[in-house]
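Below are two complexes that have chain A in common, paired first with chain B and then with chain C.
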Partner chain A sequence: MAVFLIRRLLGMALTLLLVSLMVFLIMELPPGDYAERYAFRKFSGTGVAVTPADIQAIRIELGLDAPMMVRYANWISGIVLRGDFGQAYSFLTSVNNVIGDKVWLTLGLLVATLLLTYLIAIPVGLYAAVRRGSGADYGLTIISYLGLALPNFLLALLLLYFANRWFGASIGGLFSDQYRDAPWSLAKFWDLVKHLWIPALVLGWSAIAYQLQTVRATMSDEIGKLSVMAARARGLPETRLMVKYPARLAVNPVVSTIGFDVNRIFSELPIVAAVLGLTELGDLLLKSFLDLDMNVAGAILLLLTVVIVVMNFVSDLLLAWLDPRIRLEG
Partner chain B sequence: MMLLSVENLSISFRTDEGPVTPVQGVSFDLAAGRTLGLVGESGSGKSVTTKALMRLLPGSAKLAPDTRIRYRDKAGQIVEVEKLKPDARALRALRGGEIGIIFQEPMASFSPVYTIGNQMMEAIRLHKGLRGRAARELAIEMLAKVGLSNPAARVDQYAFELSGGMRQRAVIAMALSASPRLLIADEPTTALDVTIQAQVLELMRGLQSDLGMSMIFITHDLGVIAQIAQEVAVMYLGTIVERGPVRDVLKDPQHPYTRGLLKAIPSLDRLTRRLHPVPGDIPSPSARPTGCPFHTRCTEARPGLCDRMSPAQTSFGTGRMVRCHLAEPALARSA
Partner chain C sequence: MTDMPQTPETRTERRERERREAYYSASQWTLIWWRFRRHRAAMAASAILGLMIILGLFAEFFAPYGPTERNRDYLYGAPQMPMFCDQNGCSLRAFVHGTRTERDPVTLRSRTVPDPQTRRYVQFFVEGQPAKLLGVIPTRTRLFGLDEGRIHLWGTDELGRDVFSRTLYATRTSLSIGVLGVIISFVLALAIGGIAGYAGGLTDSAIQRVTEVVRVIPVIPLYMGLAAAMPREWSGLQVYFAMTVILGAVGWPTLARRVRSQLLSIRGEDYVTAARLAGARPSRIIGTHMLPSFTSFIIVDLVISFPYMILSETALSFVGLGLRPPAVSWGVMLQQAQSIRVIEQAPWLFIPALFVVVAVLAFTVIGDGLRDAADPYSEAR
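Moving on to the complex of A and B:
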């Protein structure tokens, strides 16, 4: 187990290093840099002629003139050693201030989505497999295929429309008006929870459908295993039998793809956020790319990928805990 | 009084191609402490028959209305097995506590995510009312009884950590951990190599006499039957075609199929002679031949008789039975 843990930890460290390099490369990719954008913003319409020398001066002031590897080293060491993501140029403050709260909101949304996904997909999938071939099974299968086929931004629009029409509720955003700028309190948290389920459902929609099918297929397989019949032949009551033997293994493929689900949720986040009017990281990521505000974009990308890598690590650990074959042989 | 008595066991399955009946009119008795060998090719209905005794068949299987399965339990009560509801407490008490079963594949019989001890203690807790340390001690004792070295460590191992022979021993220990009075062994030695096979057979014979259990031993190998059973029933296409004491049946087989199986056993004394396999394949239960089920492969079949009329049971000698048109007249003369 210790060897397993050390190996996975080293693997994760290496992945994180490569990921940070890639994020930095992506930050470098767009043509031009913030110095040009800054000069354009500051002087356009003022009649002042901007020379290349002026832009170069801005560049030096912002520290954008150093070679790429030096800038990478500064950037990553600031993050790792001081937790400092650098200057958010277009906000005239530090990146940490700009994204601070939004990181937690995004993580909250992620956790809510994952919880909702697994709380629905696992029990329903297990039930469908145990009642395989029944009306309930076919009904659930049709609904879940619908889930796979329907794009989630469309679902978001439908939910917005009908919620507004039937309940007169405003379901956009993460907070009601009175709490938006209020300090954190229990009431504000409860308000968040009340708003969170809709984006969580929309974001989890396709994952629920997909994982439900996975659980149902694995469970159907596991129910027919000889070890299950052997346990039944020992006189184990049926419900305990189902939970202890096939269900325990049917959860494995779900656990091993937690990382994929996180990935999917983050990819869909910007579109869903735009439709539902959420002010979390996805929205900010798009804006900062448009502004060439690379420290903000880089910080967000890095945070999202770190979350994905860490969640993959967590899923590896969970899987090893669930399945001794991995723990003892892996 | 018999421990187990089976009358007219017929099992049919609902399939997409209509009902299929892999077992038809099987009857046999088993006395306490005795071993019945159930012999036949793959597809002859041996496993399905024994699974029916523990009601382990899937939901698509149905027992015929005149099927009777009577089992005398530890308290001396007669259990009407065919009438038990699937969730009945009496059925759960029967499974494991009264009748234990060993399947052909020892690896697949254990769940890979629980230790051997965990799965053994489950049966011990359910049927013997022991908890914690006491249950664990009993599991270790059973593992020692089946000849596993270092049982106190094995109890915390997983099935995939053991070798094939050890796994089969562990499976036997698991089936016996709640002290059943009847053990069903479904080809327990088929997946093992020959030297281990002999060890496992020896072990099972020893355990049977130590514990005073009855046993139903399924195999396709008449040679194994001679070593372990007192009675034998030869099955073909879901019916018992010949039944009787092992010695008598092997010495003087009456059914052409039994003779065919005996000729197909390789022997060191007859190295120069060719083996004579039974020609052809066993028909599918969904395309059951009319008349005698064996007539399509029988070298002695009489056209007009064997392919038209189903042979009746003929009882003769000491507890022997055969179902064959050709054996009837000969036996009638000798009687």
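Moving on to the complex of A and C:
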């Protein structure tokens, strides 16, 4: 078990290193650099003429004239050693200030979405497999096909449209008006919970559809196994039998793909956030890409990916805990 | 030993025998086609997709107006469905009502409303603006139009552009971007997965690491990062090709994994060793000897990866990081339907979304059908 843990941890560290390199490359991609955008932002409309010499001065001051590897080293060491993601030019403050508590909002949204996904996908998938060929099963198959075909942001638009049409209510946002800028309190938290389920449903939409199919397929395979028949022959009650033998195994593929689900959810995050007006990292990521504020964008991209990598690790651990075969292989 | 009298075979017996002979002598692709043909949903999906492709390909003929042609008298105009009857009686020819301009009694703004007293008849093969069919054949003929004024089957947008026509042009853009993206990711996957699977060892693990890193970064944000890097002053065509490259560059890992695992599994086969001993170069061994054994799987994977390309393009254009007007794609069109106020006022701007969903569904169903058909162990015949 210790060998298993150490190997996974080392693999995770290596992946994170490569991810940070890749994110840095993406930050460097757009034409122009931070100094130009910063100067443009700071002095546009002030009547001050910015010369190339001024931009060069900013560059030297911020260490942007150094070769790329040095800049990467500065960037990543700032993050790892001091938790400092650099400056956000379009906000004229530090990235940490801009991101702030949005990280926690995003994580809250992620947890809510994952919970909703598994609470729907696992029981319903199991049910569909047990009652294979029933009307409910076919209905579910059609819904999960649609779940794969209807992009989350279109679902969000549809929900907005029908909520407005039928209830005359706006369902966007994460808070009611009176709580938006209020300090955190129990009431504000409760307000968040009430608002959370719609974005959670929209974000989880394709993950639910995908996991439904997986659970149903694995469960269908497992039900036909001889072990199930043997247990039935021993006279085990049907419900207990289903839970103890096939259902236990049918959950494995779900557990092993938690990381993928987080990836899928984060992938949809910016666009769904834009449609539903959620003020968290996805929305900020989209805005900073549009403004080419690459320090903010890179920081968010890195944070999201770190969460995914960590969730992959957690899913490995969970799987090893659930399935002794993996644990023993090491 | 008694001679069994040879009874002449009956017609049903002969048909049965011929069917069997055809089955045993059929090539792999014929077998796949036979199995695919029996998959009803997949056949229906192919028909729908085929129709979409034809509509998109010959948009200059099927669309009554160009993608940027404006009807200034009919902004945010409602869809006009051709009808045969109205309160003034029936006609054998389909018609729509004309429009007239009146002043809104409340806001006093002039607005265009349908005028039930006038009729504009639908005609076929009418003259339109000159356009080039497939980009080469000059044509003025359109499938349908009105004898007078303009017909907007699916209404118009805020600039008075015909949603029906634009949707057809968008179909062409969106599908072709998907095709090019899939081709690029396929070439990349073949090269990268091919090297990894054929070389094995250290090269393989290094490539595997990189593949994993590309897969672990959330897809749409990654697309957005690459798309944001496109210079704003690029022309429509440059953006279009850049988009296909971006879609391909992010889409390859899944396919590369498949190529790699297949290559690894047949690397030790005798015929591969024989080819190597005969002095064939790696590219030839992979291309001629190994690839054909899993071409069908790759085709299935290609079809299945289409929806992701289309959805990604739509999503990117939707938030303004993908194609930009005046280019028309489904995502660009849906960009107008982003705010709830617009959807309230003009729900028909949502029609392109229907195309996205239908196209993605069609590709998914066809992919499922192909997968069943390409699996040699699925029920024979």
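Operating definition for what follows: the second predicted complex is superposed on the first by the 318 of 330 C-alpha atoms of A that agree within 3 Å, B and C clash if a C-alpha of one lies under 4 Å from a C-alpha of the other, contacts with A are read in each partner's own complex, and residues count from 1 in each chain.
Keep this in mind: a residue touches a chain if its C-beta (ideal position, glycine included) is under 8 Å from a C-beta of that chain, and two chains touch if they have at least 3 such contacts.
This one's a predicted model, so the numbers in the text were calculated from it and none came from an experiment.
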Joint occupancy of chain A by chain B and chain C, clash or fit = fit
Message = By the touch definition at the top of the document, which applies to A:W184: first (chain B), second (chain C), both, or neither?
response = neither
Message = Using the superposed model, give me the angle at chain A's CA centre between the CA centres of chain B and chain C, as a multiple of 10 °.
response = 80
Query = Is A:W104 contacted by the first partner chain B, the second partner chain C, both or neither?
reply = neither
Inquiry  = I'd like to know which partner A:M22 touches here: chain B for first, chain C for second, both or neither.
reply    = second
Query = In the superposed arrangement, which partner chain does A:W321 touch: chain B (first), chain C (second), both, or neither?
reply = neither
Ask   = Counting residues of chain A in contact, which comes out ahead: chain B or chain C?
value = C
Query = Who does A:P270 touch here: chain B (first), chain C (second), both, or neither?
reply = second
Message = On the A-aligned overlay, A:Y138 touches which partner chain: chain B = first, chain C = second, or both, or neither?
response = neither
Request  = Please work out whether A:A231 is in contact with chain B alone, chain C alone, both, or neither, and reply first, second, both or neither.
outcome  = first
Message = On the combined arrangement from the superposition, state the nearest Cα-Cα distance between chain B and chain C in Å.
response = 14
Query = For chain B, which residues count as touching chain A in their complex?
reply = 54, 56, 86-87, 92-97, 100-101, 103, 105, 108-114, 119, 122-123, 126-127, 158, 160-161, 174, 178
Touching residues (chain side chain A, partner chain C) in the complex = 14-15, 18-19, 22-23, 26, 29-31, 145-146, 148-151, 153-154, 157, 160-161, 164-165, 170, 172, 259, 263, 266-271, 274-275, 285-286, 289-290, 292, 297, 300-301, 304-305, 308-309, 312
Query = Mind pulling up the chain C residues that touch chain A in the complex?
reply = 209-210, 212-222, 224-229, 231, 307, 311, 314-315, 318-321, 334, 337-338, 340, 343-344, 347, 350, 353, 356-357, 360-361, 364-365
Query = Touching chain B in the complex: which residues of chain A?
reply = 225-238, 244-245, 248-249, 322-325, 328-329
